[in-house]
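For clarity, chains are labelled A, B, C, D and E in written order, and residue numbers in each chain start from 1.
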Amino acid sequence: MFDLSYFFGVFPVIASKLQVTLSLTLTAAIFSIVIGVIIAVIGYYKICFLYPITRFYLSILRGTPLVAQLYFFYYGLARVSEIVLNMKPLTAVALVLSLNTGAFMSESIRGGLLSVDSGQKEAAAMLGMSELQTIKRIVLPQAFRVSLPSLFNDLINLLKATSLAFMLGVRDIMGQAKSEGAQSFRYFEIYLAVMIIYWILVLGFSHFHKIMDRKCMDMY
Amino acid sequence: MFDLSYFFGVFPVIASKLQVTLSLTLTAAIFSIVIGVIIAVIGYYKICFLYPITRFYLSILRGTPLVAQLYFFYYGLARVSEIVLNMKPLTAVALVLSLNTGAFMSESIRGGLLSVDSGQKEAAAMLGMSELQTIKRIVLPQAFRVSLPSLFNDLINLLKATSLAFMLGVRDIMGQAKSEGAQSFRYFEIYLAVMIIYWILVLGFSHFHKIMDRKCMDMY
Amino acid sequence: MIEIRDLRKSFDGRTDILKDINITIKKGEIVAILGSSGTGKSTLLRCLNYLTKPTNGSIRIGTTSIDAKKHTKKDIMELRSHSAMVFQNYNLFKNKTAMENIIEALICINKKSKKDAQRIGLQLLEKVGMLDRKDFYPSKLSGGQQQRIGIARALAVEPEVLLFDEPTSALDPELVGEVLSTIQKVAQEGATMVLVTHEIMFARKIATRILFMAEGTIVADGTPEEILDFPKDERLKRFLDYNVN
Amino acid sequence: MIEIRDLRKSFDGRTDILKDINITIKKGEIVAILGSSGTGKSTLLRCLNYLTKPTNGSIRIGTTSIDAKKHTKKDIMELRSHSAMVFQNYNLFKNKTAMENIIEALICINKKSKKDAQRIGLQLLEKVGMLDRKDFYPSKLSGGQQQRIGIARALAVEPEVLLFDEPTSALDPELVGEVLSTIQKVAQEGATMVLVTHEIMFARKIATRILFMAEGTIVADGTPEEILDFPKDERLKRFLDYNVN
Amino acid sequence: NPVNKESITEKSANVEHRKVRIATGGTGEPYSLLSSDGKDWTGIDAEMWSEISKRTGWEIEFKQAEFSSLFGELDAGRIDVAANCFATTKARMEKYITSHPYYGDAQCVIVNEDQSDINTLEELKGITIGVTQGQASQVSVEKLADTYQWNVVVYETSDTGYQDLYLKRINAMATTDSLVHKYEKSQNMKFHILDNRLLANNVAYYFQQNDKGQELCNEVNQVLDEMMKDGTTSKIITKWMYSDMTKMIRD
């Protein structure tokens, strides 16, 4: 049933795409955390005209499936924009993933922002700190600790979502697995290989999470 | 290029699967919030022998792709378990989605739990409340407000993940869209229809979110 | 009623915040603890119901005795069942109204019906002059109002031992007077009390015995007269000299 | 220095917590506000720097005047730049150590170099007797220690107006004395001060003028002698009668 | 032997320089398979286009994309041809220009081995039958569903359908011969193919619905006709499908 030799043969083939998955994940993670923070802060202070815009952005990006977003971006916009037309598929995927994960992260961060008691914000205001200074120096560092578990949820979802690249013909781990599967139909072996690879990646993330968690805990 | 009449024709065809998507989402949502709360509480108190078990559960469920989980469950376990063999595909999908989303929700809730200051827990302990009573009556209600945005992130991810059902031959909105697309290749029209349907669903969720948010806000 | 033996507490494993504390308190005594800021008064009080876990030593309240080195969760729960505490920073439940804060333990520990609990709640709210604020959440109460709810919450469970950590810090003289009479009434009903306070006049009026703490130890122990009128310890003398009166 | 005109505040739109307050405070005055719990002392203080937005009326501090009905964010920022406040519940920054709490504004508002800021920070820590706790996070400080950091944080920015909300509630007499002398020293340097306190002796020692509040209005206003020794208002008389002394 | 990116480029370097961009699913022989580094292309379409390139001197550039994206690429004009042994259906032909068919794909119906006495669709009345989305058999089966009172389950990929059939969660599966052969071989399973066949579908290439597409299509049609006439197509198809399915092209 389970073909061990096939498994050991296919494992390195799939693992060879690690680099694509990882580089996509990390690139998009960096951009999305930036987007997430900015949108969360706008949402927190309900900054006049920016707020409705971000709400709309959130509702579209969170509200529609990622595949459809990528499709419209890469194939729809390509008809009107030379830039998109000539864009490398990897760039397009990274961009759409950043925008999408950014939307999710912004909500995770907003949750954390809610957890900081208003007393400290008042203290900052009374010292003459601007809202931006307050959020940067007082609120965000504390919100971060509370948001961390959710942000890692988002990161893991992002990692998995990079498999979207295969839609544009870029083979990541999952794309490679699908190709191999379509060829050999040995999905048990292939999925096991995929699970192990992702699992190790997520274990890596979790370790990183634990370190950050412990750092945050010191204060309390 | 964009065929309006095809769009209006395909829209109701896709929307006809709303019921599958919604019932899967709601069923799994209920189970996963229960799983999420239980695991979060175990993680919060690091309850002796349960804690490592839940950590392992989390690492597997969050660490491996949902497709692979479903495949191993529905096709792998079916070879050894009569129950799985005779399980309706919809049940299997709902089960795997609950277990998976539960893992994510548990982390979102754990973040919220971290936000409740220890002073209140001490007050509860001093009154003689057990840890379970404290968490139920004092900590969770307050954590909930902070976790809410992340939980809705998880809910939206769950909604999208129900498309996994198509793998087992159950057509939800996305499955219907894919299968229509494979027939006509009119992906622009089809994806637009899909986006609109999901978007409306998520708007519905967001409205619900806003109501709960406001309720929580009253206290502070 | 209360017996503390060789109590020692260190947060960082190096410096001792509490050093070899030995106290015996009899039933019905009202013990006030004085001492300057940061000497470990709150820590001592919190050790009494194991909110802060001592590093060393044993504590007995009523029939429950508990040792820092070996004890179970159940022991701690039992120890706590004998006492109730008013916190220095109130620690009210933020998701509960004033009334709900007071009756929380009645419903959830004493298994009183909601109606009974509310009857008791109303009496206590009346006693601390907060009837008109009964449905306010803590975030909408003034400092003194929060403190009074904290006191009412502790009184509600009618414990054998009451621990007060600066129960009057946010109260004006008028309310201090009322709290004083409430506490004295409870004391007459047989409860034992340990109060941390920095209001010497309040200590004099209420206490049957005063402990003076400095640098984690008890340096003076006696009746209010002995401690306040005829202080012997140098640090105590200096402490009293600064008294604004 | 400070001018309050027709100040009114209502949280729920029905009951007025503050009613038609009119006060003028001259430069260098030390004004103590007395009154029982829940009469609106903290609210009045918080209105002075718009942490609580008044429902009605205008406030002037120094050169900045601001009206409840029409003002910009910039106006509020400017108003706040004239004053600093010590909160009743301290409100320290939880993610910053004692030292960092004090120098936060120096670095971030006054644009001092880190070295300069720390020099000032050390002086202030010394003044409030907290040098040995400079790297502690607020959660690891005792109540009185937190309060002293709160005071140091407000003093650090050297504002024209200092607002104190029960600055000595968690302090023992020895420290109260020290805070008193610190505040008097700052006053001599020309700062104006408004203090909410319920320690009448403290008010008598420090204040050049005392306001007595009841039910959201100022019912008595005068020198400490006028207010404390020859009270006229009935409520004031009762309030003073309860004084534990 | 596989088509290789470099070899094609080399060959065409000295001929008239014209580049034709092809997208393919590339997920499996006998139709179309791209190697994991994306450089080699094998299967029917690979050999067909290798031959077309030889005859025209065009430079061939191929790339992989998932099913839905393939046509997105075509719409966006990033590619000129979609090639993956696509069956022609009415709906598809309305949206795109299709070349002349190069073979006809017949679909079969399979059941589990222990039901090898079943040989006609009549005997499968009222059962549950699986098909894979996008395959020509989906249309055929859905058309016949009423007649035979079938409960049709559409799968996203063939594999899960075969698995369900093997586990007897469904009774039959409509698929293609070549796929069944391949699956049986790789999984060590045995299915029974009914004698009764489903309809055949023509297989062709897709071009953009515009003048440029039409022009290219016409040129490709010319070559395809040539290849059909001299038996090259027949040879390629027979090599991969084990029978000459060019005979099954329908009008």
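Everything below uses one rule, namely that contacts are C-beta pairs under 8 Å (C-beta built on N, C-alpha and C of every residue); 3 or more make two chains touch, one makes a residue touch a chain.
Being a predicted model, the structure only gives us computed values, none of them experimental.
**Student:** Out of curiosity, which chains are bumping into both chain A and chain C?
**Tutor:** Per touch definition, common to chain A and chain C: B, D.
**Student:** Need the graph distance between chain B and chain D over the touch network, please.
**Tutor:** So the least number of steps between the two chains is 2.
**Student:** Which chain has its C-alpha centre farthest away from the C-alpha centre of chain D?
**Tutor:** E
**Student:** Using mean CA coordinates as chain centres, what's the gap between chain A and chain B in Å?
**Tutor:** 17
**Student:** Counting in whole Å, what is the centre-to-centre distance of chain B and chain C, each centre being its mean C-alpha position?
**Tutor:** Once rounded, the distance between the two centres reads 46 Å.
**Student:** Which integer distance in Å separates the CA centroid of chain D from that of chain E?
**Tutor:** 81
**Student:** Using the touch rule from the top of the page, what residues of chain C touch 2 or more other chains?
**Tutor:** As it turns out, chain C has residues touching two or more other chains at 89.
**Student:** Counting only residues that touch at least two other chains, what does the list for chain A look like?
**Tutor:** Within chain A, residues 67, 71, 75, 79, 187, 220 contact more than one other chain.
**Student:** Can you list the residues of chain E that touch 2 or more other chains?
**Tutor:** Expected reply: 68, 72, 75, 157.
**Student:** Can you work out from the touch definition every pair of chains that touches here?
**Tutor:** Applying the touch rule to all chain pairs gives A-B, A-D, A-E, B-C, B-E, C-D.
**Student:** Mind listing the chain C positions that touch chain B in their complex?
**Tutor:** 46, 49, 51, 77, 80-81, 83-85, 87, 89, 91-96, 104-105, 108-109, 137, 139, 153, 157
**Student:** Report the residues of chain B in contact with chain E in the complex, numbered from low to high.
**Tutor:** 1, 3, 71, 75, 78-79, 85, 89, 166-169, 171, 175, 178-179, 181-188
**Student:** In their complex, what parts of chain E are in touch with chain A?
**Tutor:** 23, 26-29, 33-34, 36, 38, 63-66, 68-69, 72-73, 75-78, 157, 159, 162, 182-183, 186-187
**Student:** Can you tell me which positions in chain A touch chain B when the two form their complex?
**Tutor:** 1, 59-60, 62-69, 71-72, 75-76, 79, 104, 107-108, 110-112, 114-115, 118, 145-150, 152-154, 156-157, 160, 163, 174, 187-188, 191-192, 194-195, 198-199, 201-203, 206, 220
**Student:** Please output the residues of chain B touching chain C within their complex, sorted ascending.
**Tutor:** Result: residues 119-120, 122-130, 133, 137-138, 141-142, 218-220 of chain B touch chain C.
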